[in-house]
Amino acid sequence: MKDLISLKYADREPVINVLDQGFVRLVDCMPSRIPDAEESADHAIAEAARCCYKRGTKSIRDDKMLIRYLMRHNHTSPLEMIEFKFHVKLPIFVARQWIRHRTANVNEMSGRYSEMPEEFYTPQPDNLRTQSQLNRQGSEGSIDAAEAQAILDQFTANCRGAFTLYREFLDSGVAREQARMVVPLNTYTEWYWKIDLHNLLHFLDLRCDSHAQWEIREYADAILELIKPLVPWTIDAWQDYSPYRNGLMLTGFEVDQLRKVITEANLSAGEIDVDNKLEQIEWKTKAKKLGFE
Amino acid sequence: MKDLISLKYADREPVINVLDQGFVRLVDCMPSRIPDAEESADHAIAEAARCCYKRGTKSIRDDKMLIRYLMRHNHTSPLEMIEFKFHVKLPIFVARQWIRHRTANVNEMSGRYSEMPEEFYTPQPDNLRTQSQLNRQGSEGSIDAAEAQAILDQFTANCRGAFTLYREFLDSGVAREQARMVVPLNTYTEWYWKIDLHNLLHFLDLRCDSHAQWEIREYADAILELIKPLVPWTIDAWQDYSPYRNGLMLTGFEVDQLRKVITEANLSAGEIDVDNKLEQIEWKTKAKKLGFE
Amino acid sequence: MKDLISLKYADREPVINVLDQGFVRLVDCMPSRIPDAEESADHAIAEAARCCYKRGTKSIRDDKMLIRYLMRHNHTSPLEMIEFKFHVKLPIFVARQWIRHRTANVNEMSGRYSEMPEEFYTPQPDNLRTQSQLNRQGSEGSIDAAEAQAILDQFTANCRGAFTLYREFLDSGVAREQARMVVPLNTYTEWYWKIDLHNLLHFLDLRCDSHAQWEIREYADAILELIKPLVPWTIDAWQDYSPYRNGLMLTGFEVDQLRKVITEANLSAGEIDVDNKLEQIEWKTKAKKLGFE
Amino acid sequence: MKDLISLKYADREPVINVLDQGFVRLVDCMPSRIPDAEESADHAIAEAARCCYKRGTKSIRDDKMLIRYLMRHNHTSPLEMIEFKFHVKLPIFVARQWIRHRTANVNEMSGRYSEMPEEFYTPQPDNLRTQSQLNRQGSEGSIDAAEAQAILDQFTANCRGAFTLYREFLDSGVAREQARMVVPLNTYTEWYWKIDLHNLLHFLDLRCDSHAQWEIREYADAILELIKPLVPWTIDAWQDYSPYRNGLMLTGFEVDQLRKVITEANLSAGEIDVDNKLEQIEWKTKAKKLGFE
């Protein structure tokens, strides 16, 4: 048996800094001990899957092929046999998006128990984004550089002022649980976060995606980078198959339209047969990905 | 306000018989009271979703369009606001597949507490299936009629014998919790099962599917039929979009191949660029669905 | 069948105002239709429990007694057959404690999607509490009245300033998802929250408790008041048995000490046989509850 | 860092045989690598808990004391940071009780995919138990030795007959998914089972208990024995505090009665002030544990 994390992180710490003061640190992995003949934690997925396929079955020889099969067919329970534990420092508004993933274990720093340090996230000036006009919950482009700096100066002053007040309240004897009410949503918090690989891939599906807020995407990308050396076959399969990565999900209307294109040999994307502008727009985007002009 | 179940099940009970002695009965639905202006429970999905889109948002006028949007984009949390409760009578081997869906509430008849009645599932002679040669966990075709009857005669005798022994053990004073060990896996059990609509659609994805064992599919189909009048817009959207229904999931290799077909205007499915026989076979199946010859 | 919520809330809305601008509104209950012979939703617990106790069992005649039995013996799965849906308006710092209860369904207002209104929680002057010296995560007593008002003036000015800045950022074109970072933790949010009765009682155990922060306790108390008319037998049993209410949990050391008291007929609480000051203090508190001087 | 499992299981395999052909094998533990200064996985609980208690807090010096504190006060989320993976071979009727614990990950041998070997559980003659008259779901005492052997002869013949038929069906071409319907509930199955320590302690609470069926208790006891060397402080605290072990849960009525005993200095258990025979009986049992005659 050998120690997987030491093997993959021999010359660097399994930590990635995120945003201006945050980080993701890989604390542990199950399995962390792997047989000498193995190169990654992937084998433990195959080991659990093979429990389902006992006597009377032909051996599926290749663990890698087995994992790819499981991933293609959403046979995800063997992926639940892999577990990761992270230590994360993140702004509260990111934590609030993150915690919506319920199938995980969390131990968070308590603002009732401990004084919150004056640590808050400040965007880089060139990353102060404008409201997307198309996507009501997205952003696009950047604020003009000169204006961005002026905004961020006000931003920083506001956050510092809030923390000054917070400490004054504490000095006046106000309970921590009440004093903290004035600190802003970009205040950093910390937690231990433990999750299995199946649920983690779902987290990555949603949070490495272009529709996710840029700030949480930075964390998701860091997690992806940290676990990739530990389960490389699984991550490859996920990249190849997930509809949030290289794969593509077609609706019934889109299947019908593609069938029309192919059977009628008319190589234009056309319109799908549904009375809904939004679906037409979504089809255009997919059609482009499929090579239609 | 009006009572939804009474409205949709005015002239029949919300019960469907399944297999030879089983059933699915719809016990309750949340919401069961709906506003007079509404026709189904779908509206409660839109109501919860709109909580996310307060001031500063354009109204998405059409509840039906909103639900379809949520379904297309896997924004499934509003679907969790709908809850169904069923009373089900089913063979134990079906119950064992069913219980793998963990995000549900269950109250099952206890063989420790109660004497199990002599009720076991017997397949119809024309539904005694042969082992699939392609799919190791599937079945296909039927056993020859004459042989089927002979097999089922033995089958029934064996099950009856087991129950006779079970009752003799009880008469000898053996504890119910031990005596029951001899009864076969096709013995009927009963349970109350409560689940939200998001998780129920996932159950239907897997269990209405052609890869599911026929016996559990009968139950899944019954559930689908029972809930369809209560959430018709959601079920329509599911039929249109789910990759287990009319939708289709493409891998990255398949997207690449389709792009090649379209940009090179060569209307043959061809082979995907991956060294894996199984994926080539899966591509052939999808290609057929897409209209390739 | 009759409509339970209309029955219990005939002359008032099922809404309770909480804190200065918040509320809890009971949206729905499963079951909401109850048989004419019933008075509450409790019967649905007994109905599910009886599914476990089929043929061969003596009837436990009284539903109320059955529910009390289930509660005493932690047979909680039938309680999961009851479901409640609430609409809640609450400050973000309360929402962050609340969301730690993972076994529930949530749809929250999105600060990415919608502009956040200038609504924040301000404590009453006589409810600005001082830090507890004994309990690191608690509060006790109040800040002196004159000082409290001065603190709250600063508090309010800070929050208003943050919202002014927030709106200025929006006016400058900053994306909502970034602009919101400056608003404080006492900003109000809203959500739909759906949970089964078993998990709700666990929430009430922890959040109606004296160790919970006063602000979340106000919400928990409101929920308790709203559901009590709907499941009165269950709530009575919970009050009688839960160690967080009238019941009491003894450690092994405390059982040993009580046995010593009783067998040696020496009616003084004494000390438990464990080398841990904190446990001795906890025993003193319990001893007082048990009538020791 | 050192390897925890190798340290504790240097001279024996982490496997315990259970019943006549079953076993529990400890496959993995998170953490499995522990710092050189540590002796067990307990430290990872304290590590996660301390994340909640950052700056502004006095250090709670002793990890062991911290864990005991967490256990006494049901602050169980740090316990979720420890994870165990087991490989278990168990009869199907035991598996059906076990699977009711939903917060775990499972990969089970598939009777659709694989031929089931002729392996079934046979009780020892002196462990064939009679039905409890007091507890409808329990057993007590043993069947008379001579009769027990006769019963078990029939028992074995029945199970062998079922397996003979099963194989005949397979030979006739019947699909595995249907043929398996005739095998009895004591047939052995296998699974990988992964669970965090908090949920595992709840499993042990219920399944090491005298109310659990003896056969599943054997498995629970084996698990307890396997994990005890890995988290000794946690197991000690559990033994000392859990109301299912050395602790005791009192109802409000029992607290009232104890208070009466102590304030009136009348050292007889008496009756609690509630009109319910069953509660009086339960009080008698607890009173005995507390030293009343």
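Every chain is named by a letter (A, B, C and D) in the order it is written, and numbering of its residues begins at 1.
To be clear about the criterion, a residue touches a chain if its C-beta (ideal position, glycine included) is under 8 Å from a C-beta of that chain, and two chains touch if they have at least 3 such contacts.
Computed from a prediction, not measured in an experiment: that's the story for all the values here.
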Going by average Cα coordinates, which chain is farthest removed from chain C?
B
Weigh A-C against A-B on C-beta contact pairs and write down the one with more.
A-C
For chain A and chain B, let me know how many angstrom lie between their CA-based centres, rounded off.
30
Taking each chain's centre as the mean position of its Cα atoms, how many Å separate chain A from chain C?
31
Would you mind listing the residues of chain C that make contact with two or more other chains?
53, 57, 77, 100, 106, 110, 113, 136, 176
Using the touch rule from the top, collect the residues of chain C that touch chain D in their complex.
53, 57-58, 65, 68-69, 72, 77, 100, 136, 239-241, 243, 245-255, 258-263, 265, 267, 276, 278-279, 282, 289-292
Seen from chain B, its contact residues with chain D in the complex are 91-93, 95-96, 99-100, 102-103, 106, 110-113, 121, 123, 128-132, 136-140, 143, 147, 151, 154-155, 158-159, 161-162, 165, 168-170, 172-178, 180-187, 213
Quick check on the complex: what are the chain D residues that touch chain A?
1, 3, 5-6, 28-33, 44, 47-49, 51-57, 77-78, 80-81, 83, 85, 87, 105-110, 113-115, 117, 176, 190-192, 194, 196
